[in-house]
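Structure first, then comments.
Labels run A, B and C following the written order; every chain starts at residue 1.
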Amino acid sequence: MREKLTIALAAAGGLLLVYDLYQIFLVLPDEAMQGPIYRILFFHVPAAIVGMVGYFVALVLSVLYLSSKDLKWDSLAASVVEVSLVFSLVNIVSGSIWARVIWGIWWTWDARLTSALVGILIFLAYLMLRRAIDEPTQRGRLSAALCIFGCVDEVIVWKSIEWFRTQHPGPVLSIRTGGGHMDPAMERIFYLNFLAILLIATALVLIRTRQEATTREIDSLRRLAHAM
Amino acid sequence: MTAAIEIAHIWKYYGDYPALRDCTLSVAEGSCCALLGRNGAGKTTLLRILAGLSHFQRGTVRLFGTAPRTGETRRRTGFLGHGIGVYEDLSARENLQFFARIADVPNARGVVSGWLERVGLERVADMPVRQFSRGMRQRLALARTFLHAPNVLLLDEPFTSLDDRAIHMLSQLLVEARARQATIISSTHQLREAMAIASHVALIENGRLRFSGERTQAMLDDPALLYRLHAEPGAA
Amino acid sequence: MKAFKQAFSVARKDLALELRTKESVNAAGAFSIAILILFSFAFDPFSEAIHELAAGLLWLTFAFAGALVFNRGFARELPNECLDTLLASPLAPSSLLIGKAIGVFFLLLLVEVVSLFVFGVFYNIRWWLHPGELALTCALASWGIAITGSVFGALTVNLRLRELMLPVIIYPLLVPLLVGAIEMTNALLGNQPFTSYEWLWAKVLIVFDIVFTSLAIALAETILVN
């Protein structure tokens, strides 16, 4: 059942992505101000949202683990963080390429860039911490604590550095601006691509969770073997 | 008599190794249970769980009806582990005063002086522990354990590396503790000393509880009897 | 109230130990001074540019010297299994954590005062012109470093790679705190009183301190007990 769901999500995401790629590269025209490079937006923004949302999903899962002590939530949190990190990297690399073309620099210290980078560093530390601990319950407990501190810190970074003059483009989607900033045809493809990336991310999380579950099963079989 | 300590079907894993397997033990209030078993049998693990230092995966543990690790349980528990749990660079008096303060012992100064005298460290009370001999450290650790008048005592190998005088001192302390209805669980391989004080015995082998019950005269006469009767065949 | 008394007992004990052995304060002090000397070769200490770099330089020095202090915080409890003894004692884990942070806080302030004097001499910077604001900045930032250092010192105390893991976790988390401290100190070293901009950063530091302290109290049991 779960396997079928994973395959279905991945397939749907893949097909949608193919359609979007076709639309993005062959149908949509260049943007008036930025030229062809604006197309990065279709990947840059969804990757950012998936990454950030993932960290906060991991926060909820970590709290669930601490309150239930059920390792299922711990594996799920770890899988979500791993996948989120990949998308955060996509986000930051694509953003950097865009910045090089538009701003002429690879990097600038603005609210969004800084908080994205700090997020990556915190959750890389999260994965490193998990690797350093062998005992599953200890690993779950300590990494959940780090996840909670990390997410709270991320909010503080975000809120505080927002007061710097920000160089990053403001919101363009009509849900944030009330319309008029983005061509509706482009916005439609944006949402479709967001959906594609979300589907793929979910499929990846399911695959990782399944691997974690298998590891746990092997562990418990080994426990059983010891007990006999 | 009511059960002070109630352990029911607990399992404890380190990684995938089960250190305790389905252990069930109940210790009546005011009794002294000697926890016997070879190295690595699970005695320390069991004591650490009772002291609230270690979580377990399955089963229940109750001390006077409450879970280990609650503030109330810790207040009435005295724990002496493998380490002596005192600071090398503080003096004996400073160590005891610190532990008295965090346990909220009333009249800490007087109680500490009393204990220093009791364990025969009053003349070296202001020397740093770093300069103490092994026996002196062990006696300081005893004072630290008994300082807040706990009514549950969890002692892990308390007789190890004690000299004759300290063994006598500890035996005396345990007798007094029993007189005020304190409950004692003490792991040990020193069979003779353990048997002499114990009212009950429990034997752990490979994480399993092999025997638990009252100490009989036969065990006192022949301390190894228990092992011969209940130990896993071939484990000896 | 009792929790505070317990926390202060822990801090008092740690400070007494530190006073006797001076292990982390000596190391942190020597380290700060070495860094300040090295930086004076990297930048011309009497150019105008140093005024813009000075605050950053100072806080990086404090943050790295701080690692030497909070690294010892919980490591000090490992010999003789003192940590287990404390956890089995009536002392609440949250009081232990807060007490450790209080101890680290005072040691950090000590290192900061010493470094500031050395800094003033080497770089010809008059840092004492706004003592109230400087003290506030140091206090707010040092508490943040102390509480974060203590939480993650406790979290990593039983790990094989303790000394490696601690900085990897701590420094990203300290980013907002250090940015704020640098912004505030920047103004002070340039002999500017705080404007609304610096007060905004002071608020960030206060929020950081309150939030991290509350989380530390809430998660103390989770972090410390196996």
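Rule of thumb we're sticking to: a residue touches a chain if its C-beta (ideal position, glycine included) is under 8 Å from a C-beta of that chain, and two chains touch if they have at least 3 such contacts.
Remember, predicted model here, so these are calculated numbers, not experimental data.
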Per Cα centroids, the chain farthest from chain A: B
Identity of the most central chain, Cα criterion: C
Dominant chain pairing [most C-beta pairs in contact]: B-C
Separation of chain B from chain C, taking each centre as the mean of its C-alpha atoms, in whole Å: 39
Gap in Å, rounded to a whole number, between the CA centres of chain B and chain A: 50
For chain A paired with chain C, centre-to-centre distance based on mean C-alpha positions, whole Å: 32
Chain B: positions in contact with at least two other chains: 55
Sequence positions of chain C contacting 2 or more other chains: 226
Chain A contact footprint on chain C (complex, rising order): 148, 151-152, 155-156, 158-161, 165, 168-169, 171-173, 175-176, 179-180, 197, 200-201, 204, 207-208, 211-212, 215, 219, 222-223, 226
Interface residues, chain A side, partner chain B - complex: 134-137, 219-220, 222-223, 226-227
Complex interface listing, chain C residues touching chain B: 2, 5-6, 9-10, 13, 16-17, 20-21, 79-82, 84-92, 95, 221, 225-226
Residue numbers on chain B that touch chain A, as the complex places them: 13-18, 21, 55, 57
Residues of chain A touching chain C in the complex: 66, 114, 118, 121-122, 124-125, 128-129, 132-133, 138, 141-142, 144-146, 148-150, 152-153, 156-157, 159-161, 163
